[in-house]
Amino acid sequence: MAHGATKEFKVTWGMVIDLDKCTGCGACMTACQVENNIAPMVDASNKMRTLSWMLVFELSNKKSGAEAEVAYLPRPCMQCGNPACVPVCPVVATEKNEEGGIVSQIYPRCIGCRYCMAACPYHARYFNWEDPIFPKGMEKALSPSTSARPRGVVEKCNFCHTRFMEAKDKARQEGGNPEGLADGAYMPACAEICPTGAISFGDVKNKEHKVFDLAQGKDAFRLLEKLGLNPQVYYVSKREWVRKLGDNYAATGKPGAAKKHS
Amino acid sequence: MEEKKQCKGCGGALPFLIGFVAMLVVGWVVFPKVIYSQKTQPVRFSHKIHQEQGMECANCHAFRDDGSYAGLPKNEKCQECHADVVGSDPAEKVYVEQYAQKNKEVPWLVYQYQPDNVFFSHKAHESFECKECHLEVGKMDTPPVYYENRLSGYSKQTMKMWQCERCHAENGVSNACHVCHK
Amino acid sequence: MGLDRRGFVKIVVGGVAGTLFTPVIWKSLDDVSIWSQNWPWIPRLNKGEVKSKAALSKLCPAGCAVKVKTVGGLPFAVVGNTANPLSKGGVCPVCAAGAQLMYSPARVKSPMKKVGEGKFEAIKWEDAEALLVEKLTALKGQNGKIAAINGDETGSAGEVLSGLLAGLGNSGCYMMPGEKFVAEKGVKLMGGSGQPGFDIAGSDLVLMIGADALDSWGTTVANQKAFAATRPTGGVATAKFVYAGPVLNHTAAVSDKFLPVPPTATAAFALGLANLLINAGAVCSAPDFAEYKALAAKYTAEEVEKATGLKAESMKELAALIKAAKAPLVIAGASFGQGAGALDFVAGASLNVLLGRVGGGMTLLPAAPKAVAGAGASDKDAGSFLADVSTGKAAPGVLLVYEANPAYALPQAGDMAKALGNIAFKVSFSTYMDETASLCDLILPAPHPFERYDDNLNPYGVAKPTYLAGKPVVQKPVADCKDPVDVLLGAAAKLGLSLGFDTYADVIKAKAKALGADFDALVAGGIWTGEAKGGSLNLGASALAKVAMPKADDKTLALAPMSNQAYGSATLATPPANLLAVRDTELSGKDLFVQMNAATAKKVGVAEGARVKLSAGKGELKARVHLNEGVAPGTVAVLLGFGRSAWDEFTKGKGDNVYKILTVSDEAGTGLKVWAGSTVTVAKV
Amino acid sequence: MDRALFPDGVERCSFGKFVLWMGFISAFFLFGLYAMLLIFYKGIVVTGLDNYFGFGLWITFDLAVIALGAGAFFTGFLKYILKIDQLKNIINLTVIVGFICYSGAMLVLTMDIGQPIRAWFGYWHPNVHSMLTEVIFCITCYCLVLVIEFVPLVLEQKQLNKIPFLHHLAHNMHVNMALFAGIGAFLSTFHQGSLGGMYGVLQGRPYAFREGFFIWPWTFFLFVLSAVGCGPIFTVLCCTLMEKMTGRKLVDFKTKALMGKIAGTMLTVYIFFKILDTWAWANNYLPSVGMTFDQMFYGVIYGKWLMFTEIILCGLVPAIMLITPSIRNNPTLLYTAGILDCIGISLNRYLFTVQSIAMPILPFDNWQFYAPNWAEWATSGMIVAYGILVMSLSYRYLPVFPQERGMNK
């Protein structure tokens, strides 16, 4: 289970989300649900049973009047460099082995023990409580990208992985290099649809990709960095109170600290 | 003591052997037959004849511009030649009358059918000969029988994961789950 | 040899042992688990080529220029159209769910005829159209007997509708209330004419008073794109955005500054600001400047603070910001895109005049050429009309409802629904079984946007004349529906009057031609833009003289309806795919949450989660309380779009409908019906 | 009427009374069975588990019974490997209790996974890095061992034992029992530990995460110790309960006290390290991830009192009581200590399961609450009922207690 060990990849797909641009409109959640064939729930207000691979949290600075501020924080799977969920899976239904560093979740292998859910501090993993039954006819609008999962398995965001595969095929067809996709050749649904372009996506290890610089910006941070899970999703905000809410600082009191626990 | 007597009467290990052998036969001979149902293609399509016309696989089984694979041709393609009956083969008549003219796609049975949770890129496997994975139907006049597993619903010829993995391993290609699953 | 028990046992044991050496158990085990991976009752994916086709998605009020992704011809997803300058590749959350909405359980599957209270029977199109013609023929030529309510501000369908009515000797074509309607009235009060536009992209400070411009005011996606362009991630912002309104909403969340202003004080706030600016030396050549200056002088920051609780300081800071800006722009509107008084608009717009930004930031669009000859002006509002119907002042025998949902989306919705009851024969042209359709006598299902031709002229907010058009993405509609315009044109023909067209497509082609646009380029996802006209405006001082300083009142709270685009609109209940986005602090099970800040809650004597009853006029709304420090003092914020009484299992009966407690008043001086400043009493239950 | 089946020279209640009792328990069993079938049919959506609480009553229950069932392997180890002969008086009972606990736990696990049909993947596609894999392997293997240990006892049933073959079989198995005890001890130590390891490796759950030795977090060792610290005494409690219910003496107090001493010793060792561990966790680890001890608790249901109850009242106190001869040798006090001990360990398992996932890790998230619903209670109840049924049958028909005959003359 070697914690603290991060597997390195030549290509590392990462997301940079600009929290100062996110209006919280929810288009990303809708696009995600559509791309990944998540059946609509009659009572989606029961957040304890919903499936939201992409979830937009509402952050508040807890002040009132003209000082009041809120920020919206879209939370996909962090695709951790050192995932807490992968080593615990008893049946290798999830792993981080593919070039690009996306954490896979294989529904036909998963036995639904939910150990990975207990392991993930971001609540990015969801248990499929019920079979995906769509309103009559709506199954004709299923996306070809993601298989419909039976009930009883765990599922999660995979950066719209099928789009990655398709981008590679396109590159092959056009004589390009499938292992070195150009910036923008591969875009998850949420990043593609965001009306304010708050979500940037690309290879954080590739200077050609704009996320390379964004991820290193002075206002960039990741959620719960101190836990040492080394997420591949970065957030950017000029607002200190927002950056502060990205991690627990009881000890240092300072935000933005990239300190990993030893 | 009573029981002991009877025991003498029942041939020591013989019944055990009888049962043992009987089940071996059932398990190896009968079971493989009953687990599969047999189906035949809706139209007796002859790859042989088409090849003799000098057609290449790629004439009908082509890639799209985005690198995805078109797989089996649709009526649109077949009708280029078979809008009306051109030959004498009864199978063609069946196709033209029951499908082409009714504008109904043929529900072909795919021997290598893979489920939704598998992502297979023909583009990535372009360098291989079709027949390395597919039945070599090219030379066949009658499509082979389609065996469907009664439990899993898979075609008998569906490549199992271990086969994919073995080939990937042999060719030094990643066997990460996500390479083939969606 | 007889086989005794013991022998039998041996055979069985042998059999079991034997089985272990065969594939029976192992293969079965494997196959069964494979079966569990593809359960037959779980849907399979669609196969085929993936294409993407340009479309005009008018599911959201402003309309999105999108691309629809199809697999094997079936739409499954919506992505932005990067080639279209209006949406620049963006999509709103409602249009993002467009493909799934084609299969919404709420869709009207075929023409329906009412056969009793809430009971309908499916009928054939011939019969349906015959029935329509019959009713129209009966009342042909009697003015006032045939009326129409149009909920589509931007489509040419409106022209056909009013053209048809004119042909039938009727002038009763009414619009559902929207910002555009009020704004045009406001412009008149400022001595101008035409639809105002706002150039957000060309401004370096955007003050939004009430207008929720980054979520549900105007051309939302275009606004969001303009906003985003000024905020390069990781870079320096090139423009400031300020939101002054009743709630810390989606727009305020990303704005540099938020000023809590009760919806009752929109105009007062603007005038207060004008006062500060004038004191700081702002002057303009408008003829009524002196009058305006004197008027504004009454609204000192301190006075405004007294009336609204908004700190004088923050107003002064804002004034300084505006002063410092090179190209400031003020956008005034209701926090929920309708019902604001013209005075609120004028007060806001007058700041643009004061700052010399008319023509630059705030523009005026020229009147567009009509495609349908007989079409009249669309300047009558449905609210007043139905009010007249309820009092008997108006007594139409036939009402045509096009893309509108008055039974749900007009103030005092309860009364409006009753008023509809006074009309003998009501026809609804609707894609979905909405509240109004379920009250109509004849429902003629309209196609989903991906199944029809439609166009979109000058969606409110655009700075330049703008025209979009779309054609069907799929050959065959999912339901047995017909384009309403085609139906109307067909009826017209049968009634012996020719509007000069056979199909809606022809109307749109003509419209494009009239504008000088290329129809084919438009339906391929293109856009046509013209130039704003010149012309100056005065400060509307004489009208603004009627503005009254809001009085703080202990018994009632100001009601701030909030619209959240993802949750749908008047004509569209929350799409199933968007239910995930609804927070459990907004809706829980069937309970709607109304929001107020802790101080207000204390004043009313309620706590987080408490069940309350909001009442105003004849209307009542049941909900629970959620404390939100982002709500202006003395204000209660209520989300629009809930409390549906028709539609489907996903929305029906969830929460309550805020329209029920919106109260209409006649605006001093303008005689407009306004409800943006409604107040309510809140009581624990 | 079934007297012929009783062990030699012992008295049992009337058949009617027995049937009545069994019927009463079976009612609970059947209700649980209904819940179980419903769960298999509809999936665990029928339970109270949710997105935050993937683990709940079931896992807590599993961990608790497995810990309490630890009497079997540890006593076996002492009896057969360390040759503490006196334990032969109670060894049979420990085996039965162990068997019930483990088989029960496995049944719960098959319900707990979302795809029971794929349960076997645990063996076919194991992830060697996962503590859970290790648990799956050891629990099933050890369950087999317990069966093997249980079989001879069954074969010694008066009538069966008359059959020479079975008689010899039983005898030979007894001879090799040391071997099985050894294997059992090995397997059991590991999965008891791995159960702790399961939580210790949760890097994203500060409440449970622990540093450790090589691949094993400290919780690994703490769980082993705590298990052997409560297993033996739990057997004693079961035995005493049976004595109270049947009104017959089954095991002499000397043996019970010895078991108490064993448990007490282990518990003392455990609680010593547990306190050290907690201290280090609160003062070293938590600050390193920017958290404080206080952040780990909330309100009453997640309050600090739980941890103090676990470690002091139900840990330190029984430990002292059990290692002090004067207290240990007083029946009432022994049993009291035993009960506290068992509660403490179960509470420990509960906290690691529920508290650690109820806690918000994301600073903008909130504490979540979990209440098991009827389906979880019913199925857990089913396991208890199943245990009582097995125990009742064993007591009535099997020679479980070698001393019984002598002590009830």
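We just call them A, B, C and D in the order they show up, numbering each chain from 1.
Here, a contact is a pair of C-beta atoms (placed from the backbone, for glycine too) under 8 Å apart; a residue touches a chain by one contact, two chains touch by 3 or more.
Everything numeric in this text was worked out from a predicted model, so none of it was measured.
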Task: Report the chain closest to the protein's overall CA mean, measuring from each chain's own CA mean.
output: A
Query: Where centres are the averaged C-alpha coordinates, which chain has the largest centre distance to chain C?
result: D
- prompt: Looking at C-D and A-D, which pair shares more C-beta contacts?
  reply: A-D
- prompt: So what's the Cα centroid distance for chain C and chain D, whole Å?
  reply: 61
- line: Separation of the C-alpha centres, chain A versus chain D, in whole Å, is 39
- request: Could you tell me the distance, in whole angstrom, between the mean C-alpha positions of chain B and chain C?
  value: 52
- request: Mind checking the centre-to-centre distance between chain A and chain B? Centres are C-alpha means, answer in whole Å.
  value: 38
- request: Scan chain A for residues touching two or more other chains and write them down.
  value: 47, 50, 92, 107-109, 131, 147-148, 150
Message: If I count partner chains per residue in chain C, which residues reach a count of at least 2?
response: 32, 34-38, 44-45, 47, 50
Task: Name the residues of chain D that each touch 2 or more other chains.
output: 115, 118, 121
- request: Based on the touch definition given at the start, go ahead and assign the chain network to line, ring, star, complete or other.
  value: other
Message: Under the stated touch criterion, can you name all the chain pairs that qualify?
response: A-B, A-C, A-D, B-C, C-D
Message: Give the list of chain A residues in touch with chain B in this complex.
response: 92-95, 97-99, 102, 104, 106-109, 145-148, 158, 161-162, 165-166, 168-174, 178
Task: In the complex, go through chain D and note every residue touching chain C.
output: 115, 117-118, 120-121
Residues of chain A touching chain D in the complex: 1-3, 47-50, 57, 59, 73, 82, 84, 87-92, 109-115, 117-123, 126-131, 150-154, 223-224, 226-229, 244-252, 261-262
Query: So in the complex, which bits of chain B are touching chain A?
result: 63, 65-68, 115-117, 119, 121, 123-124, 126, 174-179, 181-182
Query: Given the complex with chain A, which residues does chain C contribute to the contact?
result: 34, 36-39, 41-47, 50, 71, 74-80, 90-93, 96-97, 99-100, 102-105, 214-215, 220-221, 224-225, 227-228, 231, 233-234, 248, 250-254, 257-260, 310-311, 314, 478, 565-566, 575-585, 587-589, 597-599, 629-630, 633, 648-650
